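Here the structure comes first, spelled out in structure tokens, and everything after it is commentary.
Going in written order, the chains are labelled A, B, C and D, and every chain counts its residues from 1.
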Amino acid sequence: MKKFVNDPQQFVPEMLKGIELANPGTLRYVPEYNLIMRADAPRDDKVSIVQGSGSGHEPAHVMVVGKGMLDAACPGDVFSAPPSDYVYETTKLMRSEKGVLHIINNYTGDRMSFDMGRELAEAEDIKIATLIVDDDVAVKDSTYTVGRRGVAGNFFVIKAVGAASERGAELDELVKLGERVNSVTRTMGMALTSCTPPAKGSPLFELGEDEMEMGVGIHGEPGRRREKLANANAIIDELLEAVVSDLPYGSGDEVALMINGLGGTPISELYIVYGHAHQRLADRGIEVTRSYVGEYCTSLDMAGASLTLVKLDDELNELFDAPAEVAVRIF
Amino acid sequence: MSKTALSQAELVVRVIAQTAVGNETYFCELDAVVGDGDFGYSLARGFEVVLGDWDAMEYSDVGGLLKRTAVTLSKRIGGTSGPIWGTAFLRAGGVLTNVTDPGGADVIAALRAAIEGIKQRGSTDLGDKTLLDALVPAVDELEAALGEGAGAALERAAAKARESAEATKGMVAQRGRAAYTGERSRDSVDAGAIGVAVMFEAVTKAWREAGLELA
Amino acid sequence: MKKFVNDPQQFVPEMLKGIELANPGTLRYVPEYNLIMRADAPRDDKVSIVQGSGSGHEPAHVMVVGKGMLDAACPGDVFSAPPSDYVYETTKLMRSEKGVLHIINNYTGDRMSFDMGRELAEAEDIKIATLIVDDDVAVKDSTYTVGRRGVAGNFFVIKAVGAASERGAELDELVKLGERVNSVTRTMGMALTSCTPPAKGSPLFELGEDEMEMGVGIHGEPGRRREKLANANAIIDELLEAVVSDLPYGSGDEVALMINGLGGTPISELYIVYGHAHQRLADRGIEVTRSYVGEYCTSLDMAGASLTLVKLDDELNELFDAPAEVAVRIF
Amino acid sequence: MSKTALSQAELVVRVIAQTAVGNETYFCELDAVVGDGDFGYSLARGFEVVLGDWDAMEYSDVGGLLKRTAVTLSKRIGGTSGPIWGTAFLRAGGVLTNVTDPGGADVIAALRAAIEGIKQRGSTDLGDKTLLDALVPAVDELEAALGEGAGAALERAAAKARESAEATKGMVAQRGRAAYTGERSRDSVDAGAIGVAVMFEAVTKAWREAGLELA
């Protein structure tokens, strides 16, 4: 396993410790509950925004805690939702007069943990609301009743809701806003290689030298089908078609375009992907007015990328423009 | 509370915990086929705390033991398995709380409550290709065979669990990560179902070796 | 080859086109000379800062063109210094009353191209000065007369010089400043895997499953030795010892610590590396007051990392604090 | 300027260019052992433009042909090879500018100027394990054998280039990327030196096939 790792079971705690050390004064690591929080949270004049999910998706979400984004992230182990107890304790730590907002990617484990954690916290009279992100078009709602997954699109939900919360928006307003962002956000991803979880020490699945997996989730779970490896433009055309036709986005729309690397793909390639996607959208009369190229929601060291579109309007533009201060300066 | 019932329950919980810890790699491999390969890791991380805290756990009856176990699992296990297994132990413990001398029927009632808890927590049912597809037939068998004595009934239940778990191969997953693979999930067994079978087999073996019968 | 690539020969141009499309209004791509420049450069009240090197090190340097950093980057093909003609043309485009500063990593090809390009441009009466960055402690000056290589440490040189140039510093002041930053900056890197240049289509070199290469340059060229794979802490201890003992940095010093990923290592691992390095430095009484964790100067998709220390003082702190606006927001 | 001298020079430059383009992969592989694997790519990208622009190139003598080639190479080739090969062609072209009828001695003078240019540009000399370690002995041999006729002299020079290039195996690189590998560079030949040998061989073969002697 070609990784910087000491004890695989300490992979997440050691990473979180590193984040705290690199951000003294602004971020705090709470080892008991595997949690990264803003040093100045919670505040009673601001809804606390909390996201949890498995680890291995960094910078999501432990590295996007900060002013204008998350107040806390409670990650589980690599690719495992956090135990419900962590959700409960994080929620208690983030208790605010104005409430706590849970943002969850629509995965079975995450939903169950947050459900249980919410039940426990509500028993202590904490006001909680939940936002489910499910931007992944690879999974058809109709085919699998577990519904679409939440993937890289959650950055736009976090950014919008985080910005609005800084201005004192109420919990129910944030839920409405987040649902609105989610409803105009669509993503599809694909993997060129598998990834290697530190505790497993070997690739999670096998992908032949001439194969790729279209429609993967953020752990490499399949969504559509395994195909013969194609060149960059052909791959992008396929991702774009799936995304554009889903909402659909149409001529005259202004959109944000995110090309998200899955961890093992260099940023040089992501810009090749971006350039072609941008031009193909222009061909359809869809104008990209905001661009995001880099790693947002990864799958450890997987080579691959996802493409996200968000239909913009004045309110969203203004929220996406708002300042944000996070460990990785990606917004 | 009869000493015997409690120590039998302790044996069962310990064996389940040891089985989880001892099969970490195997259970991970099963989950890696169409899942994300962490099922064994998750169970092991939870149950090793159950074993480590064993002497410090405070309870006075079987219900208490199961509920303490549930709390530890919920605290330590993330992913799908934490809520699922935590809920199962919690509900079973609830049924056996303040039951002075739990007998066969009580055990079956506890297991049925665990099953209901899993169905509810996972919004799932028999046939979705989850651990329920081994657990439900095994509990049915256990109930039907109780008259033959606990040891024999356990043996029949374990055989049923194994048979049912193997039969998940051929089913299409409707829940959990495996569901995303759709038709591709048909070619492999469900990790959770095999986990249940392995645990039934381990409990049965330990039961025989300890020369026990139901209190 | 598990890459997003169409025609390997168009790898760099397609990437540069993507950068321009993602940064309309602020960056311009000049295809004739393979060049990325600020749309508002050159300015006669500011020395133009230009860096060139091979491609494959992104974000270095084409993605750090912008206010407060570079005015232009003229990259060559993957791992090849730019042709001297590109250096010449870039320099002409960046001509300013106050002069043009060339920043070069100390590699043979880069130095030769820039030498030739400078000769050609000086013949047209452009005022030019050159800064050589050679922060890599893996190569001993004494052993190889080509001297130390310039690697990830060049970010600190660019940042300081870029900030000072925005305030109107003169060409000779910038040279002095840059040399000063270079003189307090030391780096050492190591590779866990090789990388795959798109035109080659297969790994550049072989590294066994249980091997690692200590002291690599930014193309994976060896510097010290091949060793048996070790755990994260042991690797960091070795990098740190080499760097700290070289300047040396001592108790009471305040430093910037950069953990730079080489392209294929996820940021989760980089924070594990960071955490241990930070603590080990603290053990020696060296205080990390600025931290940089992420990808700065990469080698395509190579797994590995480099560690850079910069001895800080008030002037440097102030320059590193200055705002910078680049495509990848890493500073 | 004799038509013959110019067309002979054109033959030589064309063959060098074709050899560079035809050996892209091979030269890359040589450079990958202790370098960065782009030597063949760099040469091919430069010389394919030389071939592509062939008909549009404007020159009136051998010096002009070599200088035009130099400019194209400097424009297109990055890395170490652009400045090195560009300088070599430029200096050789300088010597042959305004030479009405270049003979054997002029060619040797041009090659010596190219060698000096490389030494200067690369701050290098014989023994540093670069292309000079094939080029210098080959030019020495060519000069010594000129009396035997151009074809025979070329043949001896090519053999010498090959022998010297192979002998770079065993030398420790002092320049270029390979120098970073230190002792490890000893086990392989220098890519540039082999490149020179391959080109001498190709020119010799083409010369023979064209039935030429020096004008």
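Criterion: a contact is a pair of C-beta atoms (placed from the backbone, for glycine too) under 8 Å apart; a residue touches a chain by one contact, two chains touch by 3 or more.
Quantities reported herein were computed from a predicted structural model and do not represent experimental measurements.
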> How many steps does it take, at the fewest, to get from chain B to chain C if each step moves to a chain that touches the one before?
Replying inline: 2
>> Taking the touch definition from the top, what connected groups remain once chain C is excluded?
In response: A, B | D
> How far is the middle of chain A from the middle of chain B, if each middle is the mean of its Cα atoms, in Å?
Replying inline: 33
> Roughly how far is chain A from chain D, going centre to centre by Cα mean, in whole Å?
Replying inline: 55
> chain A to chain C: how many Å between their CA centres?
Replying inline: 29
>> Residues touching two or more other chains, restricted to chain C: which are they?
In response: none
> When you check chain D against every other chain, which residues touch at least two of them?
Replying inline: none
> For the protein chains shown, what form does their contact graph take: line, ring, star, complete or other?
Replying inline: line
>> Going by the touch rule stated at the top, which chains touch which?
In response: A-B, A-C, C-D
>> Considering only the defined contacts, which chain D positions touch chain C in the complex?
In response: 28, 32, 35-38, 41-42, 45, 74-84, 86-87, 121-122, 174-177, 179-182, 184
>> Please output the residues of chain A touching chain C within their complex, sorted ascending.
In response: 2-6, 11, 14-19, 21-23, 55-56, 58-59, 63, 192-193, 209, 212, 229, 231-233, 235, 263-276, 278-279, 288, 291, 293-295, 298, 300-301, 303, 305, 327-330
> Which chain A residues qualify as touching chain B in the complex?
Replying inline: 9, 54, 76-86, 107-109, 112-113, 115-116, 139, 143-146, 149, 197, 199-200, 204-205, 217, 219-223
